[in-house]
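Chain naming follows the written order as A, B, C, D and E, and within any one chain the residues start at number 1.
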Amino acid sequence: MSRIVFTVYCLIIYAFLLAPILVVVGASFNAGAFLTFPPQGLSFRWYGVFFNNEVFLRAIKTSLWVAAVSTVISGIIGTMAAIYFVQFAGRLKDGVRIAMMAPLLLPEVLTAIALLFFVYAIGIGTQTMFAMIVGHVLITLPFVFINVSTSLESYDPAWSMAARSLGAGAFTRFRRIMLPLIKPGVIGGCLFAFIISFDIFTISFMLKSVGTATLPIQLYDYLRTNFTPEAAAVSTLSVVLTLVVVVVTEKFLGLRIHRF
Amino acid sequence: MTTGSSHRHAPLLLIAPAAILLFVFLVLPYLSIVVMSFRTPGQGSPYGEGYTLANYARFFGDSFYLGQIANTLMIGFICTLACLLLGFPVAWQLARGTSRLRGLAYGVVLSPLLVGIVIRSYGWTILLGNNGVINRSLMGLGLIDRPLGLMYNTLGIVIALTHVFLPFMILPIMSAIQGIDPSLESAARSLGASRATIIRRIILPLSMPGIQAGCILTFVLSLSAYVTPSLIGGSKVKTMAVSVVDALVDTFQWPFGSALALGLAVTGGVIVVLFSRFTRMTWKAN
Amino acid sequence: MTEVSIEQLTKDYGTHRAVAGISVRIRDGEFISLLGPSGCGKTTTLKMIAGFEDVSSGAIRFDGRDVVNVPAERRDIGMVFQNYALFPHMTVAGNLAFGLEMRKVPKVQMQERIARVLDMVQLTSHADRYPRQLSGGQQQRVALARALVIEPKILLLDEPLANLDAKLREEMRVFIRDIQRRVGITTVYVTHDQAEAMTMSDRVVVMFGGRIAQCGSPSDIYEKPSSIEVAQFVGQVNLMTMVVEERLADDRVRLSGPLGEAVVPNPHALRKGERVTVALRPEAIDISVTGPGQSATVLSSHYSGSLMDYRLQLADGSRIDVQTFPRQRFAEGDSVHVHAPADRYWLLEDAE
Amino acid sequence: MTEVSIEQLTKDYGTHRAVAGISVRIRDGEFISLLGPSGCGKTTTLKMIAGFEDVSSGAIRFDGRDVVNVPAERRDIGMVFQNYALFPHMTVAGNLAFGLEMRKVPKVQMQERIARVLDMVQLTSHADRYPRQLSGGQQQRVALARALVIEPKILLLDEPLANLDAKLREEMRVFIRDIQRRVGITTVYVTHDQAEAMTMSDRVVVMFGGRIAQCGSPSDIYEKPSSIEVAQFVGQVNLMTMVVEERLADDRVRLSGPLGEAVVPNPHALRKGERVTVALRPEAIDISVTGPGQSATVLSSHYSGSLMDYRLQLADGSRIDVQTFPRQRFAEGDSVHVHAPADRYWLLEDAE
Amino acid sequence: AGKSLVVPTLGGAWEQFWRTELAPAFTAKSGAAVTLDTGNGRVWSANLRAAGVAKPPYSFLMTNEAFANSLRKEGFFEKLDLSKLPNYADLYPLAKKTDGWGAIAMVSPIGLAYRTDMVKTPPKGWKDLWTNPEFKGRIGLYNFANTAGKMELMLFSKLFGKDQYDVDAGFKALEKLGPIIQADFNLSTGIASGEFVVAPFDFGEVARLRKQGLPIDVIIPEEGMLMFDQTLNILANAPEKELAYEYANFMLSPEAQALLMKQFYVSPTNSKVVVPADLKADVPISGAQMDNILTWDWDFMNSKQGELAEVWAKTVK
């Protein structure tokens, strides 16, 4: 009985999570010329438009690249920091956590402005992707950190000891023992990082290098002028794309480990 | 887990990259912002001559901004609480469930993040707007005769923020619950604990690191959320982040905007620290 | 206060059958031990009785009532888990209090009961420690105390003393038996220690590979094992082939073998000249320098404090194990005599 | 292949001193057992030798080289953890392979070694299971196999057989001793089982409360305990007060007591008439219906399969424990005679 | 290697048009390569300020006068060298309002749009927002962050007070308006979904929406129109100043102006461009009607915008 109540409760939450997205998906199949819901007739025409829009395709490529690079960087740095936080920080714990969360506590605009001034001051400017990637890493780092440190809290140090007793050095221990056992946290954190980076707007807008644009920038600009279902089609495609990534990740890497 | 004195400093290497990154690309750039927040407002330049406390005075002296801080914090608290209440059961189900549809369920959980923020807000407008699906159906059914105010107010912002921050609550809690040995649940049952008691006395405390992480993330994010409040709030509900953007970008008051932003960040930081302390006191999980 | 009856209980893990149709009726207040080699299904059986593992088939009844669908928390059991399963976020006292709180025991009484049990397991000074601050044996004692303090109707103990030293074990055994008798708790005790099972139990159930091999009183199990396996499992044993010499009047037979004569019951209507396998425990054999008995040579000796184990070679080349107290010491190569009383042999039923 | 020497090793957990300045030198290839009550610091000592716990003070040397700053992974140890610490994400075979991979053992050889060890611990058919799919005893055997398969220089075993039945234990013991001797591994073995410590070890270290109480050969520990505590810990013991009757020529004394006379060494230059405490093991006492010896009454008896434990009351009202084989059976209230050879007594040093 | 010019442009459809039409045309004319850099007034301002007056990343900037005005004061731009801008002479007076510091290259006049299917009485002027009861609670406005929002304030101040500087009157009027729905940009979604039925819209946008099938129309308010303008400015320390002038002149040429008109329905600022008949409906404002477009004192607005934003936030519901 209570099991049923519980399941129903969860289903309602899933419905809540999906509701606005279903609206967007529905709108993307709109046969009409602009975003309305319920759609006026069904068609794939806006997907066709999208696939012929070279600007969007290029922006998606740029976004994927930036997201991949920042995910790798913040994945590595954030995981290391999380290990320090959980296993070694001791009394510094609160301080480390706040420092790691700082990029999220500070408004993105201000960070963008501060970084913009900084990169010009050190002579790098926005000629390259450097500034934008730094910005993305700053924003995505806390997500990796938080997720990995959560997983680490339930990591039994005895496993590391056992590995040491078998002669495994620090890096091997990490790669062979710790990483697989905190996998859900690392993958979760990196998924967040990737998705967030894919969605970052303000920092990208301010810090992007001359002549490039990420998908959110394109969408934003696009929506200013053309509020057609093409935007919904783009979103739907990115939902599908990311869903595929998630399901494949879960299938092959597994977001769960069977410890018990 | 320490190895010996020659290796005692090795752990610092773990935090070094993060520390350097944050120092060089956050602390250093923000030095000028901190200075900026003490500058006088400028005419025809980002800031004027000399230094002043006036920006902070304006911020703390005006009930308008204090009210905004209160409003922002309230939105933060409510979103965090809502995410926790909605997210925990789902996290539990994902962590312990054995359904084949789990991969899909992860996808659904992450889905709010996959739709760009503008489009997502559009989705909400369609659902919650005065002329939206919900209001129209309710009016169509004759249950109400004037649209319910679901949007352009705090309620709308809370709904939209809760929606998009749920994944940040669910994933950390899920991985925390996965780390709890199910035999502890068996042990509790053998001692006569009901399902609800087990959740309250065993699962909740032991998943505390996850709950902490989720709450901090949600809270911090809802404090600095900008686009959702401005789109869903229809510029009517002012949150601090919206004011910060207004001041910094739209009306070009960098000194004041910086003061607002730093005030907001410090307030958020203090609350996060207090929260960590408090939760650690309540549940000595580790 | 509860009779537990198990009928054709079976548990499959995928294709692996961990428990294969066991049936046993545990009387109200009885203390029964599950004994068997590692992996034979003891823990699985216990978990099914407790309600933590789904039953693949078969029935479990408490006082005649089928409990298969009763959730564990309403079965009024106390359980010591093989891996302890202590609550890591509660102190020792907190772990003990948990079950009492569930039973809404008043505060004062609760503290008193906790204090008493903690005293019994000798952890009074550790009441405010967390499990991670305890040694292995201390953790095990907390697990034991946690199950005992609630004085449940049914007690399920999964190797609760495995990590304790002999002295503490002895004390804990007395403690467990004491509570169990006083409250009249029906108890299922899993142990790998034969001596422990023998000492404590009203009855012993020996399991092999998910099945019950024998169920009986401790001395039956030890002295009248139903099979070679049981005989070997519950202690050291010499297996010998003997020949039926004569059927005696009182349904017994006289056998002869390398160590002399034996007189055993004859349930199978054995005939003269048939060859049978009999069991003879090493400690049933007398060893002496002068006799009586067959002569033998000491092949090796083994010291274990209170006991000496010898391996001897008889004149016909066969080997036997003999156990004595260390005051009788022989060196390798010594010539000795061995002799076993005719009534110390046991005819193994499945050995034909 | 390594001599391990420990000097004044101390470990404090906050204000709690878990190990209090122990010193012992373990010879190359020696097999030493740590024996002591629960919580006496055995695991802590092992972990310090392995390098998993910081040393509060004192030194640990391998072949004379101070290793306090050598990280665990470079100490070439193999360890069985009390709670196993199996890698949950690896199969049994994977767990075993890990250490070999670290040592860059070629693939073919690796598989062969794993197969051999798995065979020894009787888990060949479980090679592809994950730890969570194994019973407690099976997990423990994997932990043991994992430490043994790498054939390290130093082997640290923390109650590696606690969850196994007697038969398997026996086999595992042989297996451990076999590898240990063949490869010449210096071994520290923690056990709560006195008999095990006695059987396996070259030397036994008895610890109490973080200190070494006695260190010596198994028979020394059992037969010549240095204190009442040690005597009581390593087995059952009767403590008796006796009176010095006479100093004998070869630096020994003759004592008299309730059970008769005793002759013991006299290290303290005892004088005639002094009262001393002596230890007498229950199994050192002969019990018979007819004598010789003092007469006594059976108070209670206890059956444990291979042995019988009796509690007797002597004529003077004092009580003693006696252990025999079950072929000698007496009932409560029976009148018997008890006698102990004069050389079976042991004078306790701290008992004056 | 040939010369190359960084051309900051708005994104989306604008960028696409620049990429496919204007940039190739300019390259054909000048032989210089073009790198498009999408952004908007906020981003360009921030970039320029971060880079400093001495080393700007751009050579010219075309943006809303609201942004240009501030940057000009901060010394980023130079007074136009008209000898290098022959087309300047042909501009409407409206496009030359900055004393030769900038030249308005594009004008999108803003009128009052309404849903023809949801409104019975079409508005005639701005004041109908207050008087027509059909509009109550169904009015959309640009918020203060948007240039148009600032213009709304100055417009209402002028309508209900002494002049554009009488902001108290403007705010009072806004307050009287009752609940309105504000948007930072993109009022299209709101009006398309019927969230509100009347709002300021530029003619080009209305034309686009109408083409997509939305029942919408726009009126030229009696009191006058607003406009989104795009001023061309040349950076004082431009890395490619010659090219910048060449580009600016190209943008002001009838040829480029006509292209922009056809694509975005903006009103041409070069008086030599004639609006063809088939475009009349979508580009109703040209020639003499350009004088109906109200212009504002951005010096005033930019210097006061901090306080005004605060008042707006406190007042407008």
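Keep this in mind: a residue touches a chain if its C-beta (ideal position, glycine included) is under 8 Å from a C-beta of that chain, and two chains touch if they have at least 3 such contacts.
This structure is a prediction, so every number in the text was calculated from the model and none was measured.
Engineer: By the touch rule set out at the top, what is the minimum number of steps from chain D to chain E?
Structural biologist: The fewest touching-chain steps linking chain D to chain E number 2.
Engineer: Out of B-E and A-B, which chain pair has the most contact pairs?
Structural biologist: Answer to which pair has more contacts is A-B.
Engineer: Chain C to chain D: how many Å between their CA centres?
Structural biologist: From the centre of chain C to the centre of chain D is 22 Å.
Engineer: How many angstrom between the C-alpha centroids of chain E and chain C?
Structural biologist: The separation of the two C-alpha centroids amounts to 91 Å.
Engineer: How big is the gap, in whole Å, between where the Cα atoms of chain B centre and where those of chain C centre?
Structural biologist: It comes to 58 Å between the two C-alpha centres.
Engineer: Which residue numbers or ranges of chain B touch two or more of the other chains?
Structural biologist: Residues 1, 122, 126, 181, 183, 245, 249, 285-286.
Engineer: Where does chain A touch two or more other chains at once, residue-wise?
Structural biologist: Touching at least two other chains: 35, 37, 113, 117, 161, 220, 223, 257, 259-260.
Engineer: Which chain E residues reach two or more other chains?
Structural biologist: Chain E, residues with two or more chain partners: 46, 49, 189, 193.
Engineer: With touch defined as at the start, can you tell me which chain A residues reach chain D in the complex?
Structural biologist: 156, 158-159, 161-169, 172-173, 176-177, 180-181, 257-260
Engineer: List the residues on chain A that touch chain E in their complex, please.
Structural biologist: Per the stated touch rule, the residues are 32-37, 55, 112-113, 116-117, 119-120, 125-127, 205-206, 210-211, 213, 217-218, 220-228.
Engineer: Okay, in this complex, where on chain E does chain A touch?
Structural biologist: For chain E paired with chain A, touching residues are 6, 10-16, 19, 35-39, 43, 46-47, 49-52, 57, 185-186, 188-189, 192-193, 205, 208-209, 211-214.
Engineer: Can you check the complex and tell me which residues of chain C touch chain D?
Structural biologist: 13, 35-39, 42-44, 82-83, 133-138, 140-141, 158-159, 162-168, 192-195, 198-199, 218-219, 222, 232-236, 281-284, 302-307, 323, 325-327, 341, 344
Engineer: Quick check: in the complex, which residue numbers of chain C touch chain B?
Structural biologist: Those in contact with chain B are residues 47, 50-52, 71-74, 76-79, 81, 83, 85-89, 98-99, 102-103, 130, 146-147, 150, 156.
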